[in-house]
Each structure stands twice: as structure tokens, then as C-alpha cells.
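Look for chain A in each of the two complexes below; its partner is chain B in the first and chain C in the second.
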Partner chain A sequence: MLRFWLERVAQMLLVIFCVATLTFILMRVSPGDPARILLTTHNIPASQEAIDALREEMGLTDSLWSQYIRWLGDVFTWQWGTSYMSKEPVAGELLKRLPATLELASAGALVMLLATCLIGLVTAIFSTGLLDRMGRLMALLGASIPSFWLGFLLIYFFSVRLGWLPSMGRGGLAHLLMPAVTLGLGLGAVYARVLRTNMLEMNNQNFVKASRARGLSKGRILIFQVFKHAFLPILSMLGTSFAFMLGGNVIVETIFSWPGVGKYIIEAITARDYPVIQGYVVFTSFLFVAIHLAVEVFYVRLDPRLRAS
Partner chain B sequence: MNYKKKPFSLSFGIMVVCFMLVLAGCSANAASENNAAAANNAATASENANKKLTMAYTWNPAGVDPHGDDSWDVMRSGAGETLIKLNEQLQPAAWLAKEWKQEDANTWTLKLENNVTFHDGKKMDAESVKASLLRSIANSHLAKDLLLVKDIEVLAPDELKIITTQPNSAIISSLADPSTIILDVDSMKEAGSYPAMTGAFKIKQFTKDVSLVVERYDGYWGQPAKLKEVTMKFVTDGNTRLMALQAGEVDVATDIPIDSIELVEKDSKLEVLSAPSVRTHMVLFNMNSALFKEKANREVVDQAIPREAIIESVMRGYGTKAKSPFPEILPFGKVAEQAAGETTEQLLTAGGWQKNAAGMWEKEGKPFEATLLTFPHRPELSVMAEVIQNQLLNEGITVKIRKVENIDAELAKSDWDLAMYSMLTAHTGDPQYFLNIFYQSASESNVSHYVSKPLETVINKLNDTPATEARNALAIQAQDIINEDLPQSFIVHPDNVFGVRKGGNGLCSASDRILLCDS
Partner chain C sequence: MRTLFQKKNTSLLLGISLFAVIVLLGLLAPWLAPHNPLQVNLSNRLLSPSGEYPFGTDHLGRCILSRILYGIRTTVSIAFVILGLSLCISLPIGLLTGYFGGRTDHFFMRLMDGTLAFPDFVLTIAIVGILGPGFTNMIIAIVIVRWANYVRLIRGLVLKVSKEDFLITARMSGNSHMRIMRRYILPQIAAPIAVFSTLDIGKIVLLIAGLSFLGLGVQPPTPEWGVMLHDATRYFQLAPHVMIFPGLAIVSFVLSCQLIGDRFKEQNVHVPKEV
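And now, the complex of A and B:
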């Protein structure tokens, strides 16, 4: 067990090192001068002296090598540098926004999970009827409707026309509902289709036939045997999607003015705030590795065959 | 309440001030002009006393320190004030400084208002103003560039002397820039504290990415604000701002996207308020490009730009035709329109171009083909680029549009001929800063790579001239040279467009500003 954890930690450190290096290189080759962008935020031209002074202040006049060493030091001391925009440590800036993103990602994942299970179960049970066709249509729409369009559509109906829900911002459950649905519904509808297919395949497996022969109830077979086995492959997909959501959903957070990591990062990209962008990429790579590890552990607990291997 | 739907005429500079006036329900000077009217509306005023206003605001400031990158946002909140403000003619007027005098080329004295207190209750005096100005110069590159301060001396508790490193005739206008907002420096020593400034509102709460809440400051030195509280919600997406307005969640939405204005106009509960700005949308010519080194070729493009049609169709009427970098609302913006010159045919034929069988211009077998850069942050510029492309195609010239993410980074390269661009040209109500930064040959912000000795001579003369009339004349002379040489084609000065809810919020448009309707 110790070896398992040591291997995973070593893998994580290696991934973070590679990501940190790659991000640093990509940032430096991408066009745009952060000093100029920051000084001309309000479209007022800046003097050359001001631009030069700010470049120096930002450390952009140092050699690339010393900038890289400083960056690596920041990564492994968990500081991630100082934001050009706010002049505050990047780690703190990301952590401040993490609760909002965590809240939205959890709610979005819940919507995704509920949609997957409900639509998947219903369409598997009624696999040749109208409900199945509706499920197929929902999956098609879920895969093809862009989230910004769905978001605006929801705002238009539920905020502008009906006045039931607030159109933007973070607050109580009412504020959370539309962003969570925008985030989770489309993916849920798509995964429901995968779940349905898996369940129909499981239906013909010998262990299910044996259970039927033993006289187990239909409901018991459906939930504890067919659904349980069909859901396993979905789990890793849900885990990956959850990691994406935790990384901050730029579009949903911008549309709903949700003060999370995604909205923050898009502003940092526009302003070429290198430390924030680099810090964010390291942060999300860490999240991905951690969530994959969690899914792996969970998977092993659910599937006894993997435990033995 | 009496609402007027007529758009009002006002510059961006005044718009910024008005933003504060909106929040303050008129500051001291404006209020004193309206005393009689205000007295007649005492009942309505008391009704407003407990009113709160919520605004969907375009920008997302990283903080509330006015001596940094967020000074404009603090100014717009009504919490900050500067020594000087710009009046309706965009000329310097008294604010925290009640009078000023130029002693010699490099020395200015300013007399301060006596009864001003900061939001922390401390009295504002010459020492605190000096400390504030020194802090703004230390923290803000813009303040440093604008003021060119060598030293500040306190002459009396209400009198300051400012000595500049070189003659700086624009210093009084520059003291109206938000980066010079006056604050109690001691209030910034504690981490996380809000700056104590002198405005009619004081900061109640700032939540990153969410909102800035300001409340009426009862110790205000002028007439107290009529609104009790104002919340500026930071909503960077234009459509979200519009929908929040339509849903009734906010009373005001700033910078309504041009293509959505019709929705506001058609909504019986909403109205559009607009004001001319000192922003200029333009086409840059790359003076180093083989094509546009030739003035005749620049003239051809300039003539092909259908300015009126662009204002009508792309800007939906919310803009004014640009004849120079500065709009006509400025005293130095009234330049003569260039007389129509030779036709495209005459200009290009004289330059050795001839039309091929397909009706396209070519020279020595090479077609007249230009690359036009545009960028997504101002969507209307991309639409204008397409209009210009189409117009030039009709003239027999091919334009390839290249959309770039970062326009300034692309302009620093040499592989472009034309570029859509947009700039605030007179944010302090003075031409000096923009002309120096945008047209001096040594400046990196001279993105057209335009070099003109006569123009630089005029700009240098402007830098040394203190008298306003003479400065305005020099600014006009500079623009005449620019229009003659055509390093840029100026298209439109877009309006600032707000959407507001009718009734309830107490806002309406008057002939020259946005006001609380009873004031």
C-alpha cells in the first residue's frame, strides 16, 4: 500500500513539474506584453518610460532562465508568484475563488449525476418506447447545444420572462439553480445514453439470467446488479467531468457572473497575467491528478476484481 | 417624475463626473447651481433619501486603491475626488482645490477647500494632499507621467506649491485624472482597509469579482448625496448586464452592447441614456508598409470609409462622425473637414496603378491587396472592418481581414497594412498627453510608425505653452498636420450607452447630464 501511495505522489510531482515547465514556455512564446496591456486597460496610451518601468517591476527584464527558476521555486513552495493585476499572491487569489467554483461544480456534478441516472434508468427500462426516443433527443440536444446558449435561454425564460430566478451572481439556492443546470444537464444527458447502452448489455449477461432464474425481483436485479455494473464505466467519465468543472467553467461563470476561478482566469488571460495563468494551470493539473487518484481508489473499492489484481 | 428620453450631449470626461453625480445626486457645485430647483422638490428629495441604486457595471476592479489600475472604478463610485474636475465644456474647474495660479514655467500654487474631511473623519489639509499626491506618483505610472512632479511644498495649511521637472502646462487638467484622487494616506497602512477619500459616498464593502457597495457619507463637505446606498455589481458580459436590467435586478446597466440597444429601446420599462465620449474608433495605416507609405493609397482608403453609414448601421446612431482624433465637444476638437480631393481613379492612376480585366487595381502585375487587422474586444470594430472591406472591394481593392486576439502585440510586428483601433484620446480634457504618446516618433505607442518633424515641433511647442487659447490653437494645428498626412483615418466617436429602468431608480436624462429627476 505504501508503495502505491509513493508511486502516485512521485507521478503527481512529475506531472506538476512538466506542466509548470510547459506552461512557462507557452506563456513566454505567446504574443502580448503584460506591462503594456496592464497600463492600457482603459485604452489610454502609456508612455515608453512607464512600460519599461513596469516591465522591470514585473521581473520581465530578467533573463528567461532566472524567471524560470523563480517560477519553479514559486510552484514547489506553493506560492505561484504574485498577480500582476491585484499584486497579491496567486495561490491566495485562486483559493479565495475556489469555494464559489467548488459550490458550482458540486451542484453541476449533482445535476449531471441525477440526469445520468434518471434518464439512463428510464430509457433502459423503456428501451423501445417514446421515453427512449425522448432520451435520445435529450442526449442529442445535450451534446449539441452550447452552454452559453442554454445559459442565456434559461436566463431569458426564468429571469426575464417569469422573474422566478436571479439572472446572475452568487447567493442562495436560487442563484445556483440555473448555472448548475447549464453546467450539468448537457453532460448528464449524454452520459445517460452510455448508461442505457451499458444496462441493456448487462441485461443479457449470465449473472443477470441466473438471478432471474433464482427468482430475484425485477427491481432488485435492475438496481443491485444491472445498474451497479453498468455504472462502473460511467464513474471515471463523471470523475473527469467533475475535475473539469472544478477547474472552473469559464463560459458558465462569465454568463452568470459567478465569482469563481473560471471567470478569474479568463480575465487573467486577457491581461496576460502570467503568474495567474501559470498558477492556474498547475492548480488544475494538480486537481486532475488528485481526482483521478480518488476515482482510482473508489473504483478499486467498488470492483473486487481490481482489488485482487 | 419627469423622464426625458432624448439622448444628451456630453463628453466622456463629463460622463465620468456625471457617473459620480448620478451617485451623489449632484455634488456641491452642481447642486449649488440647482439650489432653487432642489428646494422646490424637497418632498421628492426626502423620498430619495433612503433610496438604494443597483448598477450592473462593466469592469471588474482588482481593488479599491485609487492610486493603481483601478482609479477609474473608484472615481465612478462617487467615493473619490480630485483637486480639479472637468466642467461641461471639458475645461478644468475647481473641486478640492478652489483656485490655482502659475508662478513660473515650472511652479504652480493651489489653494485648497477648507472644510473637507476624509471618510475617516480627519480634516483634509495641504500636508495630507501632499502625501496623497506623492503616493499616487509612487504607485501610478500614469500619475507620474501626467504630473511630472519634482517637488511639492506646503505653503500653508490650505496652500500647496507644485514644482515640475519641466514645463508642464497640462498639469491642472492632469490633476483631474482619477489616478490623482486625494485620500488619507494613513487609511491605507492597515492591510485590507478601505481608502478614506473625500467623496459624497464612502466605501461600505468591496467584494472581489462581485461588487462595490458605497454609502452616503454624512460628513461630506458639499451637499450630501441623495441616494443612501449604491451597489456596483461587476458584470463583465454585456448580454448578462442587459438581461439583469430586463429582469429588474439592476436599475442601471452600463455599456449596453450596440447590437442589443434595440431591445432596450423597445422595452416600455427601460430607456437608453447616452453621451458622446472622447473615445475614437479609427483605422491605422502602417506607414512602413510598402502599400501605405504612399499617401495617395491612404487617401483612397480614407475616402472609401462610409462614416455616416457606419454610424447609422453599425453604431445604431450612437456615435458622431470623427474628423480628427479629438471629438468636436472638446474646445480643441473643432477642426476643419478636409475638402474632397482627387477621386480613387485619379489617385491610383497617378500612382501607376491600372485596373485589370476583373476590375481590380494592380501595379506591375501585383494586385492592390491589403491586410486589415481587427480584434474581438470591441465587436463593432470587426463589423466596421467588414464594411470597409466591402467598400474597398467595390473600388477594386482586395482587403484580407485578420482577426487577432491581442492587437497591440500584432501591431508591434510589421506584417500588417491596416488595423482597426480604438483609443481614449483626451481623458483629462487636454490634448498634450495623447499627442505626445501617440505621435512622437520615439514613442512605442506610435503604432502607425508615423514620423513628422513639423508635427513634433507643434507638439513640443504645445508642451511649453501655458495659455489655454494658444494650446487649443496648437492642438488644432497638430490635427491639421495629422489630417494632411493621414497616418490614421478617424471613423467615429462612439457614445457611452447606458440602459436604465424607468421609475423607481430616480434617474433621468437632462440636457447635459444624468441626474436624479428631482435635482
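And now, the complex of A and C:
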């Protein structure tokens, strides 16, 4: 068991190492001199002497190898430099915005689960007929409607037309509602289809037939046997979809001016704030690795078969 | 059973016709568009739909219908370029790793696991962010993100075909590896790859539009659906038509790809399930 976890952790460190290396290569390939960009960001005239002095100071004149080794050390000690825009350490800037992002992603995951269960159950019970067709249409639309358009539509109807919900910023539940729906609804409709298929397949399983023969009530069978077993695979997708939502966050946060990591990175990219951009890449890779590890711990708890092997 | 089959046929037919109509509209854009998509006319800004401007005008007084029609050319052709590039990379890798296996195969599988662990959008944004926003960098980023999916698909298909009797016969009758791959494996796997690609075109279009919406992909004033929605951000609360029509364009195109792919997914033409 210990070996299993050690292997997992080693694998994840390897992923971060690869990401760090890729980032380093891309940074060197990308056009633009960091020293010049830093100077222009602060409106200092970029004379050749100033650039040379700054290059020396930033360590850009060292050999590529020593820059690379230093970068690797920085990655694992969470020293990702200081932001050009705010002159604050990048790691702190990102951590400061993480709670807002996690709040939104969790709310999105909750909306997704609710939509999955609701649409999935209804379409599985009425598996032929109008409701089921609508479920299928919703799944297709859920996979086709881009989140930025859904966000616009929601803002237009609920903020502009009806004036019920605030269209931007972070605050109470009212602020959270529309961004969370934008983030989670589409994926929920897609998963509902998976849940429906799983439930219909469960119906023909022997243990369900046996319960039916023993005379258990229909509702009991549906909830405690069919739904329970059909839902497990969906639950296992939750880790992946949570990671997916942290990515989808970038768009949703931009639309709703949500003060999280996603909105920040777009601002940084527009301002060519290189330390923040590379910090974001490393930061998200740490985040995903942590999520994957948490998911595995969760599975092993949930499924005794995994514990044995 | 019969009605079920017919229903699926209609949706496939619907998907194909929608796809064909959109591509045709894009091809005929110069003849169909009522105005020049780049013509700025500030006295006509934010007009509601009318006979002169069927979909209204945007914040610079440009005709939205014309911009959407030309947008088909931009978006769909970029999507096909990305698809082509990704296949150029993945087809040889997928064929070789699936056919020979061994250490190279192991190496590429690990590499792909790493790439696939990241959600598409995060990785694309990271790459575009470092390389800098723009058309070419967007294409590079999406190719880097998507190629692993194709390698996995192609490798799986090759592994499946390799177990078939006719392939063992081909091998025993002394065909060279090259000939076996070209004459026996490729024709077998071409159809599922084509199906998977159609499904994927929709996803690529969503990525292109999403990046352009964030200002990281196609740059204004090029007519592109994501760019149009980006421009609409500040004006849609006053004039909702500036976002409704470009959004509908994206949804109908992606939906047509979904409808085509959906049918095959249900028929199980070994298209791997995707999250």
C-alpha cells in the first residue's frame, strides 16, 4: 500500500517537472525580451544600458543550463518571481485569488450534480416519450452552447430584463447563482444522458430482477438499487469535471467579473506579465496534481477492491 | 425498434444537412453577404434587425449578417487546418506505436497521459499566454492540446485491427511492415477516424471561439464568431442582437457536428467515450 502511494506521488512530481520544463522551453522560444517588457510596463525609457543592466540583474545573461536549474528550484519552492504589474510575489497573488475560484468551481459542480440527477432520473423513468426527447436535446445543446454565450443570455434576461440578479462581482448567493449555472448546466445535461443509459442498463441486471421478484416497491428499487449503482460511475467523473471547471472558470470569471484566478490570468496575458503567466501554469499543475491525488484517496476509500491490490 | 432507428436516422440527416448548409453558406459568402463585413459606418451603429441589415449592425455599424457569413470561412477553415495538422502528427505516431508497441509505445503513452491530465482549455490558455495572443499561436496551442486524443484513438484502432485474422495472414504471406500498414491497416481505420474528426471539428470550433472571445485567438477586425461576441461584451445589454446571432451561429455549427457524431457514438463505431 505504501509503495502504491509513493509511486503515485513520484508520478505527480514527474508531471510537475515536465510542465516546468515545457514552460521553460516555451518562455525561451517566445518572442520579446522580458527586460524590455518590464521596463516598458513601468514607463521607463528602454535604453540599451538599462536593458543590459536589468538583464544582468534578472539572470538572463547566465547560461541556459544554469537558468533552467534555477527555474526548477524556484518551481518546487514556490518562488515564481514578482508580478510586473503589482510588484508582489506571484505565488501570493495567485493564492489570494484561489478561494474565489474554488467557491465558483464548487458551486458549478453542485449545479452540475443537481442537473445530472434531476434530468437523468426524469428521463430514465419516462424513457420513451416527449420528456426523454427533451433530455436528449438538452444534452446535445449542453455540449454545443459555449459558456460565454450562455452567460450573456442569462445576464440579459435575469439582470437587464428582469433585474433579479446582479450581473457582476462576488458577494452573496445572488452573485454566485448565474456564474455557477453557466459553469455547470451544460456538463450536467451531458452527464444526465450517461446516468439515464446506466440506469436503463441496470434495469436488466439480475439483482434488480431478483428484488422485483421479491416484491420490493418500484420506488425503492429505483432509488436504492438502480440509481445508486448507476450513479457511482458519474461520481468517479467528478474529479475530472472539477478540474474541467477550473479551466472553464477562465471564461466565466471574465464574463461575470469574478475576482478569481481565471480573470487574473487573462489580465496578466493582456499585460504580458510573464512571471504571472508562468506562475499560473505551474500553479495550476500543482492544483491538478492535488485534485488527482485527492480523487485517488477517495476511490480507495470508496472501493474496497482497490485497497486489496 | 424500427421507430428508434428511424429517429436516429433523422437526426443524422439533420446533422449532415445543417453542416452542409453552413459550409455552403460560407463558400458562397461573397455572393450572399448583403454588405462588406469590414465596412465601418458609425452613423449606423447598433441598429436593430431590419430589411437593410437582417441581423442588425454592431458597435461600428458593420453588418452582422455579413460578418457571420464571412465568419464561417474564418472559423471553419481554421478548424480544418488544425484538424489536418493534428492528424499529420498523430497518424504516424499512432500507427507506429500501435503496430510495433515496445518501449517507444510506452514513452508516448506516458507523454499522452501527462497531456490528457490537463483540461483542454487550461493548457491552451497557458500555451497562448506564454507564446502571446494571436492567430498562429492559437493554432499551435490547439494542435498541442488535441494531438494526444488522436494518437490514443488511432493506436487503439490499430491494436484492434492487428488481432484480426486477415492481418495475421497478410503478415505470414511476407508483406513488409510498410505495406501492411498502408494496404491493410489504413483502409480499416479510416472510417472511424473520419467520424471522430467530425465530432472533434465541433470541439475545435468551440476552442477557437472561446480563445478569440477572450482576445487570445483571432484578432479584430477579422470576422470570426468568437471575436464578434468579444466585441459584443460592452454593448449587448443595450442591443442584445449583437450577441444573439453570432452565438446562434456557433451553436448551430457545433450542434450539426454533435448530431453527426452522436449517431455513430450510439452505434458504437469504436469512438472512445470522452468526458
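Basically, the second predicted complex is superposed on the first by the 260 of 309 C-alpha atoms of A that agree within 3 Å, B and C clash if a C-alpha of one lies under 4 Å from a C-alpha of the other, contacts with A are read in each partner's own complex, and residues count from 1 in each chain.
We adopt the following convention: contacts are C-beta pairs under 8 Å (C-beta built on N, C-alpha and C of every residue); 3 or more make two chains touch, one makes a residue touch a chain.
Note that the structure is a prediction, hence the values are computed from the model and not measured.
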item: Touching partner for A:T40 - first (chain B), second (chain C), both, neither; value: first
item: Which of chain B and chain C A:T77 touches, first, second, both or neither; value: neither
item: Touching partner for A:N206 - first (chain B), second (chain C), both, neither; value: neither
item: First (chain B), second (chain C), both or neither touched by A:R170; value: first
item: Partner chain(s) touched by A:I265 [first = chain B, second = chain C, both, neither]; value: second
item: Touched partner set for A:K96, first chain B, second chain C, both or neither; value: first
item: Touching partner for A:V15 - first (chain B), second (chain C), both, neither; value: second
item: Partner chain in contact with A:Y156 - chain B first, chain C second, else both or neither; value: both
item: First, second, both or neither for A:L54, with chain B first and chain C second; value: first
item: Overlap of chain C and chain B interfaces on chain A (superposed complexes); value: 31-32, 152, 155-156, 159-160, 167, 254-255, 270, 272
item: In the complex, chain A residues that touch chain C; value: 15, 18, 23, 26-27, 29-32, 140-141, 143-149, 152-153, 155-156, 159-160, 167, 237, 240-241, 243-244, 246-248, 250-251, 254-255, 265-266, 268-270, 272, 274, 277-278, 280-281, 284-285, 288, 292
item: Residues of chain C defined as touching chain A within the complex; value: 114, 117-122, 125-133, 202, 206, 209-210, 213-216, 229, 232-233, 236-237, 240, 243, 247, 250-251, 254-255, 258-259, 262, 275
item: Interfacial residue positions of chain A with respect to chain B in the complex; value: 31-33, 36-51, 53-54, 83, 85-87, 96-97, 152, 155-156, 159-160, 163, 166-170, 254-257, 259, 263-264, 267, 270, 272
item: List of chain B residues in touch with chain A within their complex; value: 56, 60, 62-63, 68-69, 72, 141-142, 144-145, 207-210, 233-237, 239-240, 243-244, 246-249, 279, 377, 405-406, 408-410, 412, 422-424, 427, 433-434, 436-438, 442-445
